[in-house]
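Some notes on the structure that comes next.
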């Protein structure tokens, strides 16, 4: 496909108002599927987590997973939504080979949650309230593999293979109302919003929230209108954008593409589009047409979902603190500067630092360990810092030994290396490596005297006020003590001796 | 006809439990008869002597060990071919499912197995139960044992002809708009549609999910009550199945007493449009009940006028969605057109060749009723008519304990007579449809032969939702009034099939 | 009079994934026209304030617990498939969507 022409981003923003709408699909991490008892499991052998119901065999019937409803209500509450006192499932009818029954059991005009909002803070600190229209329950489809032709692409494939393991996995689709006024920040807002949703469902433990596995997927709607115009422009919907970076790029690309067309007097075609991260552009999919008549009607095989006030309140009590609220609280408690705190967020180390502080370390020391030495070691080993084989409790216990003067920073790093090498708890590493700091002053004084003997002029210099001359002696003493001495104390002792 | 094959299921169960006859002997007798006579009636689409006898043998072994697992232990039964069975192909009367052997048993089938009732075979039906004559079966129509040139009713004509022809002592049917009751009336047998949700639909190949209900087709009311007791009850696989049981139907039959009974005659279903002989039989039933001491009241159900229209919107709408799964991907027929077809082409060609004309008609009608711009006027209005019908019935049941109507407007018509006139065919269910729309139980009991053609007529008894016991109680009263007159059940007068 | 035109029948058949010949379209348009005219009487029966009944016996809140029940084996799942490969259901190429 020929690459489409774009207007520069700055010109596009100058001329048009951007309106975006986001639909985020969250795969719930229930044990079993939405409507049957098959395992909700990623990575099983194909077609092994299937039964008559999720295979759509004749005669089979659905039965609603209580936990999935509970998680959906919890998500609705976390987004400050109202919970419907009478929700119903509906059938969305369309033919596609990954859809076992050729209808998707979903919710249509009676979603479980509606009318919510979420505050999104951008990099600049600017806060947007994103209005939530609804959150509804539905089921995922199976997975298609296209064989032959260009690798893995649907075009030119000779045939396709279907695995229904994912068919019937519970999804919650969160739909925003149109978002106005983000101006040039629209792409960033889109990505930050999706990140916020991901963080929320992860912190609530209702989803594994791994975007690379498709646990969280986004459809991005973008439309433009001339500044000052009232009528909304025609929108496009880019489907299944599956990384934060892609979401930002998709919205930016669509703004530029649509702006070029509109500026040239053209019309935007209402269509679904696809984002190609490798090629950096979207491409047209199916135009919306009257073929998209989904013929929704109430699912006659299921009865209404009417959560009681008591049930909703019970679920509300289980809600964890909202990630945005938690972040604010922690930054405040810890007294981190904005830049320090952003480092922590960007390296996704909030949980680790919080646990380290809880185990007794000061916030600053916990931050330094995780964003400093440990991050460096992880980088060397090419693993995520969270995956290093050291616990926040171990980090805190090492820090305590530093604070009490039993370890120096340098020795402590050796202790960490020992823990990471699998040599056991910090105490065991200290023991087996003989890393305890030398606090026996007799031994220190002996070492100092030995060093002074080989550098007789040092005492003179100190007495003349050239205190820095002590450095050479400290170095020699530390060498003698194989580093296991407190340099500051050694310095004090040298100065005392010079009196 | 041997004594065994003309006996009621209750008597057979007694013979088995008292060890006067074995399940193998009884099952063999029915297999012998159906193997010989099924070519005449086309009641069964599938039977397998070896498999049925193996089940009978297991039932006998249990008895030998002193285990009786149900009141119908060892009594064989025929199952409509829209219920899934792991040991027999299940076609729903359609070419699109030819040869499909399901990976699971329907809940009702599982319950029959748990009750140690050998399955004789799978009975014929209109394709996907869409019809009232079995003429829309892809495997040819079943014939009425009273007159082989006539329809045995539908969609469950395989089960009704098997009962009337004594090719099975018991049968399972499914009733979406009358598919149990109408065939029962056509063949002089008894057919009951329980309250919606009383019997699990899991494994019933869905026609219209909010209307479908499984029920018994039998020789007599007691047999039906015994069978409903076996197949009824809550099933976690069916979210619409009633949470609590409805009590023992057998007990209700035993308690039958006409004293104080108030019988409602539905104004809209007692005058126009009925064959005179059928109307005469119905009037006779009412007179008999009155003479026996029942109070007869007329009740007004004005919304019944719209029942057939609402039904032929709701049913096709739900069916169009239920039948979408027949797409050649996971099971069933696949037709691959010439050239280099896409899966879309394959699906469309498969559905074109796999579905018969009535099924296609209803799928397209249902697609229309649900499509945007028409939904409110058609599907939406039809759902509202359902509410009106429920309101009419609620009011009627404050005036009467049960409602009586003729089950069908006519006796059995000739094969071919209505097959090209969909509207005429749809009107066969005019009296049976309201029960499905409202979810209430209904039963058809034979009430004589129409004077003009000598063919069976049936009377329908409707009871309020969940009051299936009341329905069986009154059905038993009506049956007894006729037994007192005839000395034997109507079905005993079926012509000798072997001679036909 | 009926609004069932041949073009509408073609559209409905396509939504229903049923191949129809021109002759079938003509026939279906005629038959469905008669049926629709007849069932359209429902629109006369109801006024706006009547509630819709989608389920004959009112029930709500029927759930299953979040536990795993036995699944089919891959062999069972594929046992009735017209075609399969690599443990999956095999179908002809899908209409180019991209």
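For clarity, chains are labelled A, B and C in written order, and residue numbers in each chain start from 1.
Operating definition for what follows: contacts are C-beta pairs under 8 Å (C-beta built on N, C-alpha and C of every residue); 3 or more make two chains touch, one makes a residue touch a chain.
The model shown is predicted, which means the values in this text are computed figures rather than measured ones.
**Student:** Have a look at A-B versus A-C and report the one with more C-beta pairs in contact.
**Tutor:** A-C
**Student:** Quick one: which chain's Cα centre is the longest way from chain C's?
**Tutor:** The chain farthest from chain C, judged by C-alpha centres, is A.
**Student:** Between chain B and chain C, what's the gap in Å when you average each chain's C-alpha atoms?
**Tutor:** About 24 Å, centre to centre.
**Student:** Averaging only over C-alpha atoms, locate the centres of chain A and chain C and give their separation in whole Å.
**Tutor:** For chain A versus chain C, the centre distance works out to 40 Å.
**Student:** In angstrom, rounded to a whole number, how far apart do the mean CA points of chain A and chain B lie?
**Tutor:** Centre-to-centre distance between chain A and chain B: 57 Å.
**Student:** Among the residues of chain A, pick out those that touch two or more other chains and give their numbers.
**Tutor:** 51-52, 55, 63-64, 95, 97, 102, 160, 162, 164, 293, 295, 297, 300, 302-303
**Student:** Among the residues of chain C, which ones contact at least 2 other chains?
**Tutor:** Counting only residues that touch two or more other chains, chain C contributes 14-15, 17, 54-55, 59, 62, 64, 72, 77, 89, 91-94.
**Student:** So which bits of chain B are touching at least two other chains?
**Tutor:** 100, 102-103, 210, 236, 239-240, 320, 324, 327, 329-331, 343-344, 347, 367, 371
**Student:** Spell out the part of chain C that touches chain A in their complex, as residue ranges.
**Tutor:** Within the complex, chain C touches chain A at residues 11, 14-15, 17, 54-55, 59-74, 77-78, 85-94, 96-98.
**Student:** Can you list the residues on chain A that touch chain B in the complex?
**Tutor:** Interface residues on chain A, with respect to chain B: 51-52, 55-64, 91, 93, 95, 97, 100-103, 160, 162, 164, 293, 295-297, 300-303.
**Student:** Write out the stretch or stretches of chain B touching chain C in their complex.
**Tutor:** Residues of chain B touching chain C: 100-103, 195-197, 210-211, 236, 239-240, 242-243, 303, 305-306, 308-310, 312-313, 320, 324, 327-334, 336, 341-349, 351-352, 355, 360-361, 363-365, 367-368, 371, 377-378, 380-388, 390, 422-423, 426, 436-440, 465.
**Student:** Give every residue of chain B touching chain A within the complex, in rising order.
**Tutor:** 82-84, 90, 92, 97, 100, 102-104, 106, 201-206, 208-210, 236-240, 317-318, 320-321, 324-327, 329-331, 343-344, 347, 367, 370-372, 375, 379
**Student:** Chain C touches which residues of chain A in the complex?
**Tutor:** 30-32, 36-39, 45-52, 55, 63-69, 86, 95, 97, 102, 144-146, 153-155, 157-164, 274, 283, 285-286, 290-291, 293, 295, 297-298, 300, 302-307
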